[in-house]
Each structure stands twice: as C-alpha cells, then as structure tokens.
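Same chain, two partners: chain A is paired with chain B first, then with chain C.
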Partner chain A sequence: MRITFSNARLWRYVMASVGKFIDTGYILINENGLTFKAMDPSKTALIIFEIPKEGFMEFDVEGEHKLPLSIEDTAKILRTAEKDDVLSIEWSSESITFVFERRGVPRSFTIPLYAESAIEEIPELELEIPNKYVIYAAGLYDAINSLEDVSEVLAVSGDEQKLVLTAEGDIATAEITLDTERGGLEEAQVENPGFRALYSMEYFSYLKSPMKMADRSILEVDEGLPCRLTLEYSVGARIVYYVAPRVEE
Partner chain B sequence: MGKCLVLGVDEAGRGPVIGDMFQVGVAAREEIIKSIFEGNVRDSKKLSPRRRDELAQVILEHAEFVVINRFPPKVIDSWNLNRLLGWGLTKIVATVETIAPCVDAVFIDEIKGVSLAPLKQLLPGSRIVMEAGADSRYAVVAAASIIAKFLRERHVDALHAVYGDFGSGYPSDPRTRSWLIRSGSDLPPIVRRSWKTLKRLGLGGGGLTKFFKSGRSDES
Partner chain C sequence: MLFRVVAETLSKIEAITSRTAITELLANLFRKTDPEVIDKVVYLIQGKLWPDWRGLPELGVGEKLLIKAIAKATGVRETEVESLYKKLGDLGKVAEALKSRRAGGGGLARFLSGATNALTVNRVYETLKRVALAVGEGSRDLKISLISGLLVDAEPIEARYIVRFVEGRGRIGVGDATIMDALAIAYGGGTAARPVIERAYNIRADLGEVARILVKEGLRALEKLTPEVGVPIRPMLAERLNDPREILAKVGGKGMVEYKYDGERAQIHKKGDEVIIYSRRLENITHQYPDVVEAVRNRIKSKEAIIEGEIVAVDPETREMKPFQELMHRKRKHDIHEAIKEYPVTVFLFDALYNEGEDLTTKPLPERRKTLEMIVEPDETIQLSQYIVTDDPEELEKFFLEAIENGAEGVMVKAIHKDSIYRAGARGWLWIKYKRDYKSEMIDTVDLVVIGAFAGRGRRAGTYGALLMAAYDPDADLFRSVCKVGSGFTDKDLAELPEILKPYIRQSKPRNVDSLMKPDVWVEPALVAEIIGAELTLSPMHTCCRDEVRKGAGISIRFPRFIRWRDDKGPTDATTTKELLEMYKSQLKKISE
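Up next, the complex of A and B:
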C-alpha cells in the first residue's frame, strides 16, 4: 500500500514543529484519508494533522492502519525534504518508508514503527467554543513572531469586530489587534464578547512554521477553555491544534 | 593590593519545578576575581558544563569567603520567591560583613521588589549595585553564578541517582514533564508543589484532560 502527497515540505514543517515538544505520535490511514495525532506528555497540547483521500496524488489503501512512530526520527528524515519534493509513504506492520522524489530521483528512508501498545491512545475532545476568528494567511504567524519574546503568556481577548493578542512581560507589553474592518481578520463569530483567555506562549511558538505556510487560520477561543487553532492548506490538508488554558493564581 | 573585598550574589535553580535553589555570595579581592575571567565576564549560563566546573574549582580556591543559602522545595513552597531571595541576600551580606575585614562593593543580580535599604544599613560606606544581567557584567557576580550553578548541578546529579532521570527539572524540559506525568499524584518531596507548572501540566486539574470526551478513546 502506498500514498503520495505533492508537498513534502508541509510534512517537514509539521513534524519539525511537533518534534519540539512531543516524542511520539501515530498516523492513522483508512479509506477516507490520513490523520496524524500526537499529544504532549503534559497533556497541554494536542495536534491532529489531517489530509483527506482527495488531497493525495496517489492513495492505494485498503482497511485501516495505525502506525505509531518516533516523531524525532520522522522529523530527521523529513528535514531532507526540498521545495519540489513529492512524498510517498509505504508501510508494513513493522516499519514505515518515506520516499522523496524530485526530477525522477527517489530518496528512500525507512524507520521502525513502535508497537501499538507502546503508544497511548489520544482521546477525542468535547468542546464547544463560543468565539471564532478567521485570520488571513500568515497573520497569526506574524503576531506570534512579534509577541513571543515579550512574555511566556499569551492573552487573547476580543469582540465581534476585533481579536486582540497581548503579551505582558516584566518590562514590556506588546499588543496586536486584528480587525475585520482595518485588516488582518477575515471573519469574527463571537458569542461571548469581552472574554479574556490565557495560554502558554511556547505552545504557539512551536507551531510558527505551519502557521506561516497556512492559507488561513481559524482560532476558536474562550476564557477557561482550550483554544482550537485550525490551519488550512491547499488540497484540503489541515492542522487542528488544541492548547489547554493556562492556570493563573 | 588592598584588603577590601567585593561581594557578588546570584542564585541558581530559581526556575525549575524540581529540586533545591542555591543562592551564593562570593567575596573576593576584585583584582583576583577579575583575573580568573581574564577580562571576559560571560554569563555562566553560556559556559559549557565542563568549563563551568573548571572555573568553579578556581573560584573556590581564590575566593576569600563563599556563603551559601540552600532552599529546599518545602521552603520555596511556603514563601514568595523574591521575598525569600531578599531575605537570603540580607543574610549573606550580614555574614560577610561579620567575617570580612571590609567590603568595598556588593553586586547583585536583580531580585525584583527587594529593597536595598537593609544592605545599606549593614554596609553604610559600601557601593551597592543591583542590576539585571549583573552576572555578565561583574566578575564577582559571574563567580557567584558559577558556584550556584555548580552546586545546583551536583544536587540534580544526586537526585537523578535516587529518583531517576527527570532531566534538568525545568518545566520546559520534555524529560521533566514526562517524569512529572509518570509520577502522577504521588509526587516525591523534591517537587515544588506550589509551582504553577504543576497545574499547567495538568497535575493540578489543568491540561486538556478534563475536556476529553468520556468513554471514547479515539476519533477515527
């Protein structure tokens, strides 16, 4: 069985980002497409990377397959992915092979899979988040890039027109406002205006590269709730990323 | 060569969630402590562990006095950290004032919210300087930083031997986080229980855990 995806670099950036804070995860492949899931050991963040069947150039799959793997090893292999590389994935019950191909020259890397019992199942989250913001292209990347050095806490607030991202450090305070009228914000659906939610900045910093590549970002957020960040890419690929709220005393 | 000393104060182990914090005062002749660094005072955090250990030996040989405050998690849990360090700072200065012939100056890496008034009372004729980043500016503070870091690292080595490899003990270290998660609610006394990190890690009821759908194990 084999699947082929046109943009190896997206895989590269996703695995490099996840590898910064998670050691292991698993790929699920069935007739509907591929899902990669990983959760950090502290259960503060959970990432789901999905590509529907239609997003693949080739999708030769029967049945359902669960492939538990080392993210560090996978990220090392994917680090060799270049701009024009096409990525194919083949697997057996014991190993997974990544094949990069550019100008007709394939490069193949195989790593062993973990035993299924060695990887913890990742539960589904049950969340209704009342505030949803759709952010243009790399707007979220620009904001996090500007704020991350100021504070280890990201405060998110907003109303029906604007989304305010704030970093309050010991010395400086930085604030970025994305606005439906003035720019940065494509859409705002807000049921709880005036909310203020806090998250650890580092969990947003980890995802900067995938944020930068996204066609658009959707941030769902509310006070005391995990945030759900959806990063959308071409061919239907998307990342759904959950970050637990930060507890302040 | 004058008999007066300079005193530098810094701490290590402020940020970790595991293990003791060490606050160190190094009192030395200024020209001697400067010569150890050969004019290149670097933040002790930028030194390789090996170089730091070598320098620690040299500093311990050449310093006139080294005063150490060691704060275990139980103490850290029951104090505001800056107040604790402020109290420790006064204790170090009072000790050095008692045993040293004279102290020209005291250099301290910044402790937020701490008043220098008690130190000025203890050493009325001395220059007292507290600055952020003092460990990369004043040789005697760099020396205190290196000794504090050296002590903290030996302490962590000893804890690893007893409690297993928990990494650096810093909340940003994945090994530390994994170790804490594995420990679950049965946390040994080396963990700072009041630390916000525990709650952020989900051990205090935070994390994504309480938002998991019950009775389901996977989305697919």
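Up next, the complex of A and C:
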C-alpha cells in the first residue's frame, strides 16, 4: 500500500514543529484518508493533522492502519524534504518508508514503527466553543511572532468585531488587534463577547511554521476552555490543534 | 499499583526517626507492592532510576526546568512558583501546595473522554525514565513536558515526591541496609533472611533486581545466586594495620603479601569480545581504558570471566609505575586515543571472582589465584600482581619497602587459609593493607652521580633506558646508590647517553661505589645530574644511609626524574648522604587519611 502527497514540505514543517514538544504519535490511515495524532506528555496540547483521501495524488489503501512512530526520527527524515519534492509513504506492520521524489530521482528512508501498545491511545476531544474567529492567511503567525518574547502567557479576548491578543510581561505589555474593519479578520462569530482566555504562549510558538504556511486560520476560544486552532491548507489538508487553558486569574 | 501508596509511605517515613519503625513501614509497603514493579519501587526509594553502574544518564533536570514544569502543570506563572519556593524552601512542597490549591490540575485531561488520571508506579517510573533518556535537540522541552504531564495527574502528595525525586532529593534517609531489612521481613520470613539478601546484593550490585528475584522466585533462588558477567560485584575491602607482626598474626600466621598498587581498582567483566570495567565505586569506566579492553580481549583466555586488578599509569618509555594522579588524564572524554599513547597503563591483576560459569567467590584465595594465573597471558598491558608468601615479619617489611620504592602505595597482606573466600562488599581481616604512616616530600632537587646504566628496551633499544644514581659519602669516600632514574630524559638526552657515558664505562664495580643493585654496565663516578622526585623514601635496594633510619633500608627517591646534567660539578660536589638524611628527616610528615 502506498500514498503520495504533492507537498512534502508541509509534512516537514508539521513534524518539525510537533517534534519540539512531543516525542511520539501515530498515523491512522483508512479508506477516507490520513490522520496524524499526537498529544504532548503534559497533556497541554493535542495536534491532529488530517488529509482527506482526495488530497493525495495516489491513495492505494485497504482497511485501517495504525502506525505509531517516533516524531523525532520522522522529523529528522523529513528535514531533507525540499521544495517541489513529492512525498510517498509506504508501510508494513514493522516499519514506515518515506520516499521523496524530485526530477525523477527517488530518495527513500525507512524507520521502525513502535509497538501499538507502546503508545497511549489519544481520546477524542469534543468541545463546543462559543467564540470563533477566521483569520487571514499569516495574520496569526505575525501576531505570535511579535508577542512571544514579551510574556509566557497569551491572553485572548474579543467581541463581534475584533480579536485582541495580549502578552503582559514583566517589562512590557504588547497587544495586537485583528478586526473585521481593517481586514485582519475574515469573520467573527461570537456568543460570549467580553471573554478573556489565557494560554501558554510557547504552545503557539511551536506551531509558527505551519501557521505561516496556512491559507487561513480559525481560532475558537472561550474563558476556561481549551482553544481550537484550525489551520487550513490547499488540497484539503488541515491541522486541528487544541491547547489547554491556564487557570490563573 | 498506585504511586500514591509509595508517596504516602514516604510521607510517613519522613515524619519519624526510629529505624525499626521505618523498616516496618517499608516492609508494609513491600507487602502491598505488585511483584511486577517491586524493582521499580526499590529504585524509587533508593532515589535513583537504576543502579549507577549501568552508566545510564541521570534525569538532567535542573531547578529552573523543574520550576517551568511545575508552572506548566499547575497553570501558574513561573514567578509565582519562584516566590512560593522562596517562602517554603522546598520545590516538592511548592508543587504540593499548588496542586492542593488547584484541584483537578491543568491540561486537556479533564476535557478528554475516557482519560484515566490516577498515577501508577509504572507510569511514574517509565515517564521519569523517558525524561532521563531524552537527549539532543528539543530534549529540554520534552523533559519539561513529561514531568509536567506527571504533575498534571498527580495528587498533591504525589507531586511532592515526584518533584523531590527529579530534584535529586529523593532519598529520605533510607539506606540500602534498611531496604534489605524490610525485604527480609516482608519476603524472607524475618531478619534471619537478611544475610542471604545482603550476600545476593554483594554479588549482584542491583537491589531492585535482588528484590525482584526474592519476591518472584523466593529466598532459595537468592541463596543460589551466582555472579553474572556484566553485573558488578561489590568489592571486598581490607582492614588496615601498621605492624607486620600483628598483620601476619591476624591472617593466620602466614599470608600472601602483594604490592598495593597506586592506581585505580578495576573489576573487569569479560563475555566473549565484550569487556566492561567497573571502578571501586562500581562506575562504568570502560571508556577510559580502551587499551585495557583490547588487552583483556586478547590476553584473557576464558570466554567468560570476572577478574580484579589495579590499573596503574606507567612511563611510556620505561613502563615504570607512575603516581595515581597521572590516571586523571584518562578521565577526559575527548582524545582518549591520544591519552593512551601519552599516559599508558598496566593493569596488575590480583583476583578472579568468576570463570567459565564457576562462582569463585566462595573459593579460598590460593585457588582463585591459581585460576587467575591459568587464564591470563601477561603482556605489557596486562600483568599479574607481584607477591610473596611469607610468615616472616622482616621479609614482609623488606617487601613493603621495595613496593614503595617501586611506586606502590604499600602492600596488601591476604589470608590464604581454607576460609579465605572473597567476601564481596565486606571489610574484614582476611585482607589487611599496610601503608606508610609518614612520607618525606621532596621539595628540592638533588645532584647525584651516575654509577651505572641499564640497557634500554623498546624505543630505547640501542641506548640506555635508565641510570643508577648515587650520593657522595665524604666520610667513607664512597658513592652510595640512591635510585634508578629512567624518566625526564628528552629524546636528545637519550640519544647522547652512550657517547656521554662511554669514557666512564667499567666492566666491574668501581672500588669507590657502594651498591646492592647491579646495573648492566658500571660507570666510574664522574658525571653529575640534577634529579627531582615525588618524595624521599626508604628502600631495601639502596645503600645511601643504610640502617640509619631503619634497619635493612637505605634512603631512596620515589618517582625520580632527570632534569639536566650538572657539568659544572664534579662527583664530590654532589649531594652528600648526610644531606639526604637531613632532607628526609626535615620533610617527614604524617600521612593523614
């Protein structure tokens, strides 16, 4: 069985980002497509990377397959992915092979898979989050890039017109407002205006590269709830990323 | 098994001081422990993840990282953790306090369907193991994440002990002895089983493993336990005495008197081509001695063996022993192959504890030595320790002085009777060390006269390898021997030696020379050289001030080095025997240990 994806670089950035704070995860492949799931050991963040069957150039899959792997090793291999590389994935019950191909020259890397029992099952997370913001392409990336050095905490607040991202540090306070009027926000659906949610900044810093590559970002937040960040890419691929709230006042 | 049970026991132990009560609490904990994790519980109580000798990494989490992990797990800012730490002075208590304040913990756990939170011993142990083994890029964040993941799911009391364990403050004053007592009570039927457990621990220095065998296979299995190649045996230790007569009496009248080499004690395990070297403290020091590893592979005939010896630094040219400090160069991690050339070593083997499936620890010393001699093919790097067997205190004393002069620390006197078994981990009178009480440090150089020369070997073939040096005794008009010097010469010095000595070479001992040592060629006293050494010492081999400090011994120089020729001095201008005696006396200092 083999699947082929046109943009190897997207895989490279996703795995490099996840590898910064999670060491193991698993890929689920079935007739509908591929899902990669990983949760950081402190259970603060959960990442799901999905590509529907239609997003692949080639999708030769029968049944369901769970491939538990080392993210560090996978990231190391994917680091060699270049622009224009096409990525194919083949697997057995013991190993997974990544094949990069450019100008007709395939480069193949195989790593062993973990035993299924060695990796904890990641439970489902179903949440109704009342406030939803759709942000233009790299808007979230730019905001995090500016705020990350100011504070270890990211405060998110907003109403129907705007989304305010704040970092309050010991020596400075930084604030970035994205609004619908000036075009920073594409859309806002807010049921609980005036909310203020707190998250650890580092979990947003980890995902900067995939944020930068996204076509658009959807941030769902509310006070005391995990946030759900959805990053959408061409060919239907997307990242769904949950970050637990901080509970300080 | 829930980690909470361990944490609660540790908390109770912390509140009491009575050893009996602590042992009882531990025994209760062991009774409640699932046999599958008994080893892990023992390690956690020991405050470690595995025995040190495994050479595996430590947790590598400093205070700063730990503060980050606590902040992350409890959802507070690091500054809050820090200020609470200032107030409480114990990060374990900080984590406990913050967890008590924020019941339920942070993280996504409470939003996930079907997530179970209770911490098991296995999860705590395996997670901490992952923390220790995480290395390389990104490992810092991963370590924080892993610890914080445990703290998220921990009860306040569990958080206290997880944090203390990571901090390296896991030990709560419970020593191995108490753990063994508790194991004996819980699984051995009482304290009578304690010696069996202790012996097992001494021949398999892994208390977790010993506990696992005891709990899963019973006391009988421990009784039958034999050494295992790869697992260190706790070394047998010696008592100390300074009177040859008393020493011999203690070992049964007659004993094996062996050089006590001034080096690093090494327990060498060989299994096929695999060789591991453990230090006296059971640390894996294999990487420091690739040359010894290679020699063991080639020169120990057995497929499987555990042998003991002392690794000693030697002069690269003369192979004479050098002081212990020289081995420090082997501690550096880089350029070990360079260090091998500059600071070569010889391992002097003195015992065999296991050979081809046979446990030798229960055999008397002469039998062990016989086995050792059978399996070793000595070469430059591997040699057998020098020894004599004697019942004569004077002979012992003479051998002792000779050992010191040759660079050893003194001698080991070992019992050779039928009960002279290898008592792993024990200090007793079967082995007695005899070291000097005093030493006379050499703080100034002396000018000595060449009275003989020894032919060179190896790189020095064709020239001379060492010179026999003497001090001048004006009263008798004699040159009396002091030392044999082979170190300190440059290549140029060595190349020139035959030419320099040629006019003075004599076939027989010159009439004005007094020496017990016989060089390869005698030299007419004419040439003076400046010499320095580590100390002035007593020697049965030399005639300078013989019988003046101690009967049967003269004054000599330990670790002598050639500095330069003193062409400006004639032989009678050399340092006199009287001056050496004064130097010896004035520098004499008690050795404190």
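Here, the second predicted complex is superposed on the first by the 248 of 249 C-alpha atoms of A that agree within 3 Å, B and C clash if a C-alpha of one lies under 4 Å from a C-alpha of the other, contacts with A are read in each partner's own complex, and residues count from 1 in each chain.
Heads up, the rule we're going with is that contacts are C-beta pairs under 8 Å (C-beta built on N, C-alpha and C of every residue); 3 or more make two chains touch, one makes a residue touch a chain.
Only a predicted model underlies this, so the values are computations on that prediction, with no experimental measurement involved.
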Give one word, clash or fit, describing how chain B and chain C relate on chain A after superposing. clash
Looking at A:94 after the superposition, I want to know if it touches chain B, chain C, both of them or none. Which is it: first, second, both, neither? neither
Is A:72 touching the first partner chain B, the second partner chain C, both, or neither of them? second
Could you say whether A:19 touches chain B, chain C, both of them, or neither, answering first, second, both or neither? second
Of the two partner chains, chain B (first) and chain C (second), which one does A:40 touch, if any: first, second, both, or neither? both
So in the superposed three-chain picture, is A:28 touching just chain B, just chain C, both, or none of them (first/second/both/neither)? first
Check the residue A:64 against both partner chains and state whether it touches chain B (first), chain C (second), both, or neither. first
Given the touch rule stated above, what does A:125 touch, chain B (first), chain C (second), both, or neither? both
A:153 contacts which: chain B (first), chain C (second), both, neither? second
From the options 37-45, 55-63, 73-81 or 109-117, pick the one stretch of chain B whose C-alpha atoms clash with chain C. 73-81
Do any residues of chain A touch both chain B and chain C, and if so, which are they? 21-23, 39-46, 123-127, 170, 200, 202, 225-226, 242, 244-248
Under the touch definition given earlier, write down the residues of chain A that touch chain B in their complex. 21-23, 28, 30, 35, 37, 39-46, 48, 64, 121-127, 170, 200, 202, 225-226, 242, 244-249
In their complex, what parts of chain B are in touch with chain A? 112, 172, 174, 177-178, 180-181, 196, 199-202, 204, 206-209, 211-214, 216-220
Touching chain C in the complex, chain A uses residues 19-23, 39-46, 72, 123-127, 152-153, 170, 200, 202, 225-226, 242, 244-248
For chain C, which residues count as touching chain A in their complex? 69, 71-80, 102, 106-109, 111-115, 127, 130, 134, 136, 138, 141-142, 144-149, 151-153
